[in-house]
Amino acid sequence: MNPLPAWTDDDQMLAELKSLRRMFHQRPEIGFHEFWTTAKICEYLSRLNCTLFYGDRLYENFPEPALLSQWKDNITDRVGEDEHTLNWIDQLNGRTGVVAWIEGGKPGPTFGFRFDIDGLPIAESTEKTHRPFSQGFHAINGNMHACGHDGHMAMGLVLARLLAEQAPRLNGNYYLFFQPAEETIFGGKIFSKLPFVKGIDYFFAIHIGLIPSRDVICGLSFLADKRYQVSFRGRSAHAGAEPEAGRNALLAACVAVTQLYALSRHSQGASRINVGQFSADNAANIIADKAQFELDLRGETNAICDYLDRRAGEMIRGAAQMHAVEADMTFVADAETAVNSPELMQAVKNACLDIGIEEEEIVESFLVSGSEDATFIMNEVLRNGGLATYIGLCSPTYGGHHNETFDFDEDLLARGVRLLYQLADTIMDKPRGKI
Amino acid sequence: MNPLPAWTDDDQMLAELKSLRRMFHQRPEIGFHEFWTTAKICEYLSRLNCTLFYGDRLYENFPEPALLSQWKDNITDRVGEDEHTLNWIDQLNGRTGVVAWIEGGKPGPTFGFRFDIDGLPIAESTEKTHRPFSQGFHAINGNMHACGHDGHMAMGLVLARLLAEQAPRLNGNYYLFFQPAEETIFGGKIFSKLPFVKGIDYFFAIHIGLIPSRDVICGLSFLADKRYQVSFRGRSAHAGAEPEAGRNALLAACVAVTQLYALSRHSQGASRINVGQFSADNAANIIADKAQFELDLRGETNAICDYLDRRAGEMIRGAAQMHAVEADMTFVADAETAVNSPELMQAVKNACLDIGIEEEEIVESFLVSGSEDATFIMNEVLRNGGLATYIGLCSPTYGGHHNETFDFDEDLLARGVRLLYQLADTIMDKPRGKI
Amino acid sequence: MNPLPAWTDDDQMLAELKSLRRMFHQRPEIGFHEFWTTAKICEYLSRLNCTLFYGDRLYENFPEPALLSQWKDNITDRVGEDEHTLNWIDQLNGRTGVVAWIEGGKPGPTFGFRFDIDGLPIAESTEKTHRPFSQGFHAINGNMHACGHDGHMAMGLVLARLLAEQAPRLNGNYYLFFQPAEETIFGGKIFSKLPFVKGIDYFFAIHIGLIPSRDVICGLSFLADKRYQVSFRGRSAHAGAEPEAGRNALLAACVAVTQLYALSRHSQGASRINVGQFSADNAANIIADKAQFELDLRGETNAICDYLDRRAGEMIRGAAQMHAVEADMTFVADAETAVNSPELMQAVKNACLDIGIEEEEIVESFLVSGSEDATFIMNEVLRNGGLATYIGLCSPTYGGHHNETFDFDEDLLARGVRLLYQLADTIMDKPRGKI
Amino acid sequence: MNPLPAWTDDDQMLAELKSLRRMFHQRPEIGFHEFWTTAKICEYLSRLNCTLFYGDRLYENFPEPALLSQWKDNITDRVGEDEHTLNWIDQLNGRTGVVAWIEGGKPGPTFGFRFDIDGLPIAESTEKTHRPFSQGFHAINGNMHACGHDGHMAMGLVLARLLAEQAPRLNGNYYLFFQPAEETIFGGKIFSKLPFVKGIDYFFAIHIGLIPSRDVICGLSFLADKRYQVSFRGRSAHAGAEPEAGRNALLAACVAVTQLYALSRHSQGASRINVGQFSADNAANIIADKAQFELDLRGETNAICDYLDRRAGEMIRGAAQMHAVEADMTFVADAETAVNSPELMQAVKNACLDIGIEEEEIVESFLVSGSEDATFIMNEVLRNGGLATYIGLCSPTYGGHHNETFDFDEDLLARGVRLLYQLADTIMDKPRGKI
């Protein structure tokens, strides 16, 4: 390993990471609306020795155009932007996200690193004990980086700078994916279709937070997830005058809910079923002709999730038949689960030890009972013979993920950059599959 | 009206009625097993001037033989019978029930009177306050005339005697139907197919008990009824080891039950839904592959009952689909409702007044929330242009119908016979439809 | 019967009725917001020889002030009113409804007539086939008189004029109740507490529409009604990460709904149960901590409605316990059923015949499967020894009650006025209870 | 390790094992009825140099006599027994099971080995492909050793012979528990209370079958289990005549079942819920006043099982309240889960390697989705400072556990005996907790 540049001294690199993180923190944009965010990423990367793919260049000839169809005409608020940023936004041509490509001086494996860039529609806390507020870098646009993606972007940009500067002496080449719309589990599926993904040998995703410690997790697993909007259509009737003429969509929906939760447990692993939202809006004295709810199904494996999916469909159609109404399930979103490559998990462990992380702080694996769409990219890499793992960069989160008081320890961002760089540096000399 | 014979003086006729009622009361036989009962009826009637139809003579050339199919090989206990009764039983050739035909001296309308003859599988009370027990005429064979059919038979036989004796001076002819298997709502449907029924101009059924008073009801209505055995077949699996491999028939059946009761009320009248029996017999740790229950549906009109029938089928198939199991509905029994002819209801009222019943004791109509299979015969009469009504001969019932302490006031049997005879006598001169 | 004034000739009276009806039709106001409507009624009545009770004079010393509490600060739109109407609105002091008192020239019984005055929040049809639209008197304020209250008011005002003009020769005195908020079943309960009600000997309510015929119904019955807002409170939790920590309010509410419909039928008459509106608004991946629905319970008798009420409470508390959540039932509204006095029903029949209605057009009684709050007033009259009946003035309704194309035959308004006047005129000489 | 006796040569020991296994296989006895079985075990052991505890000597002064209360008056069929066996049966005095104590020549740790002895109420297959049938040693008494307990007993007896013969040279002493009633998860709880258990340093249970391989599993885990008989009591009523008077126990039970399955998944591990048996026996036209079902709850940890237990109670009480009926839960049986001691798991692995089992055939741990009551004994040992593990001796099982064609490879019985002996021999020199 060659000496790193001076700015990677602890203080300087951390200062840059914090500055970037806080810039992004103040202006979160929700999934598929990350125009300003993408512009700022492009602006930073454009000063480095790397190739950028964004806007039409990124999405033209996209293999499954239907996937992109829900993502257009998102109007971005251009008020108050400087000329330079506006110029970048214009170049995006209505689509967010960017991929940076850095070519090493010598041939070697192809690396992929993924950083997600979207925020959440949560109003940030203005309590004094919430550090972003008390230190004046909280968001005021109604959205919030309440899941650490601001930190992910900061790590991604600084890693890009480091790789770009060290490129001449590196064997291999590096794709850095700045992915939109993770929270809505949409962007990962789209990015998994990008042509660069097929050629990746070693792929890493990283997330900050998770366990309230300073551990590093070598392989995070997630639940596979499927979401549907389920709607029932019956026939309204006056509930007093002629109830038998009605076909009660609300009652059918309630029956479906009560039994969806009763779908059998699966012997091969955890499953989850939830209905968090339900609505029917007829008057009190009218048999409801419409009712709808949102269904969330998860499984520890893709097969378990598929099992729930198939059985939930039977459930819903059966409940509709019971009350002689019609049911529709509209797909909302899904996420896969991915199996982390044991070789890369081991490589993460080794890299941790290399950069001075204590063995007690290294956790082999952890199942997160949430969902992630980087798994789509991981599975595409795995299907094409590459290896992949999802790293957990643990940090206290104060209010917890997706809470209005979410925060993390910024010092850990430097640990993240060093770990990812160390992985690139260590693995680069090894032929595919021989790490 | 001509003078009646001496034995119809209050005391003598009542003594005969009581004697007959108590004879039948001591030996109740359940539906399609009324061999001794039928034999005793034949024995009595055979001494009168009337024509009897029983055994092969009654059922040969029956238009829907399938209806008779469940009614064979009922073995009767012949122990302890006298020769004469045994002889009658032999002539029944395995089928119970008898029709008596009495022809008047002059032409006139055709009357039908129906009396049901079966008992119930109820062990009779041996409490001192239960009169049949304290007076020594209770049943000891495990069955019980707990619905008054013993009294109905007594009235039918005495009415036959009266009509037969008065026949020379009567215009018209008279069918007296001694019908089996009313409690299981089977016999009425069979009797409705008998060829005699089509020609009847005026049809009367009568029931004792009902309202705890001494009123006479001119037109009793009943709920239409459909009964099904519903069974679910799924797939068993070890509930611990591989629950997802099971298809839970028990759970599907429970869902069906919870929603069958939730079938919509009907604006056109009363409806009833019940599941009184349910069984599933797998071990505690096995997903149940079989479950079954018995479903009882009733409606104030045949249309309401049909509505429930159609919707219950959707319910059950839907519940099966929800849990990916199969469902079958096996028809068990049904009963129709019938609309009493207003002209005959008026005739009943007039006849009541004629025989000295006070106007305050005459009730126009009453809806019984039970079922009756005389309605099949009534509807067949009505379809063929005749008139029909179902008379209620109210009496205190002490324990209530179908209760082990059921009893009634025997004095009222004389009132019943007089009323029916009065109807025959009054109407006989009137052409069809002009009463 | 004395000669009536010239203006009650068919054409003139009908012209006045139509003119009034169409004026009200163009400006419907929903319950407790009938300020302009009340002002117009007051304006008309103030020209007659009668005493008016409105605003503070009507509601001061109201015996149950809590009942009035939900009815304040309803701001009325005063734009575009003429000075005179504005003056009346000011005098209402924030409360709608008016009672007119007309005193006859000689002592006699006290009569009450009730007319409801509120409209519905329904946008009126603008189809060419809808007569109010094609003839240019439809409403354009988003509300609609889609239940005929415009016609009721027209009849009430013309009846008032007739009674006031004939007063010198009449025995008795007459209260005309112009009642607000019938549609929300609130105003009737309030009016039933007015001190005038206790003294009424003969009370009549009247409704147009109902059966699509030109019949008159002597006694309309309604279902008793109770409405509740039912809310469940549980505990939210991440449905993937820690589902067992949640207490699922949505699931409890669904269980309650599925079983509320399964509440047992009642042998004493019709019952109705409905849930038309349901909402829960958590995210798809959150166990719902809140859910609510609106429950509507009806019974053919007050006792049946009370039975449903008691059982529904057990149901809801039980469902909450099943899922370890809390449930609350907030009373929304209720309506009673009332038993029409047979003597008054007979009086209505006689009055119909007197004014030339054919016997075939007179219907004794009819059960409406809806609810009415005039029943509160009727029951108060009955409790104080008076008689009451609810008259149905049948008319085709085109689109049906509460439909955007509702309309009725205006000619029938004259029939209504004549009938009510005839009742007053016929009964006035008879002492209480001797009609 | 000293030389073993000649009869432990592969062929001879296996012949003895087979002979014993086949003897037991032909005469299975269900839980708490293992009189003949216990007699045969005693007969064999009585010829060895060991101390036996059975009958009164085993159960007198039992610390929780209530536990024994359900186990008396089990009449054993003595027909056809020889004198000697009958004599042993008499000495059992109505209670089955036996403990053998073998004392080594030198002081050392105390070992416990558990073998279960009961069969299942399953009729054994008479298909030609079922080896016990084709080779003539199948059971014909309606019961079956369909879970391998016949093999367990054979291993236990041969291990006893080996330990008894080698005793003079062994440090330590050895308890062999021949436990009744494992299938009904009753006997383990009883044996866990025996005074010998508290003093055990190293405890081993062993099971044959499981994974269809020839692996050895060093630590088997089981689900914790609780079983209840749940009964509902309501009030019967005629479903047609007066349904509202009923309190529907069947409907309440169905609601409970539908929601018990919907109890939330648990983030800490697997859970299972099942209702395999349900009964209600009213007539079709009677609202059911009684209904009952059997409930089986399981969890991967005792805490999860307790969670289900607590929530199921709320569910059942809530369902009862919904339908205004009473509910009772009667405890039927339970089983705990136990955490295998890592030190003993390692010792099993070492012993496997010692006796020549390949590393690939050694499986560290395995979760069985069934229940076991040896866990009660294990937990008692662990609570008292000892170590415990449950060994899996894998074998193909042909039809699967509890299936009428269940069988296993008898050759593996020798592997089992050698492994257990090796464990005793290896560990004996090590002080408690220092293996």
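Lettered A, B, C and D in written order, each chain numbered from 1.
Here is the rule we go by: a contact is a pair of C-beta atoms (placed from the backbone, for glycine too) under 8 Å apart; a residue touches a chain by one contact, two chains touch by 3 or more.
Just so we're clear, the structure is a prediction, and the values are computed from it rather than from any experiment.
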Revision key, fill the gap. More contacting C-beta pairs: A-C or C-D? The answer is A-C
Revision key, fill the gap. Most remote chain w.r.t. Subunit D, using mean C-alpha positions, is C
Point to revise | Intercentroid distance (Cα basis), subunit D paired with subunit C, Å | key: 72
Point to revise | Where subunit A and subunit C are represented by their mean Cα positions, the distance between them in whole Å | key: 57
Study note, to complete from the structure: Listed in rising order, subunit A residues that touch 2 or more other chains are 241-243, 248, 251, 255, 258-259, 261-262, 264-265, 267, 272-273, 287, 369
Exercise for review: Using the touch definition up top, name the residues of subunit C that touch subunit B in the complex.
Suggested key: 258-259, 261-262, 264-265, 267, 270-273, 369
Revision key, fill the gap. Counting only contacts in the complex, subunit B reaches subunit D at residues 223, 225, 227, 238-243, 248, 250-251, 253-255, 257-258, 261, 272-288, 291, 294-296, 298, 332, 368-371, 402
Point to revise | Interfacial residue positions of subunit C with respect to subunit D in the complex | key: 241-244, 246, 248, 251, 255-256, 259, 262, 264-268, 287, 307, 311, 314-315, 317-324
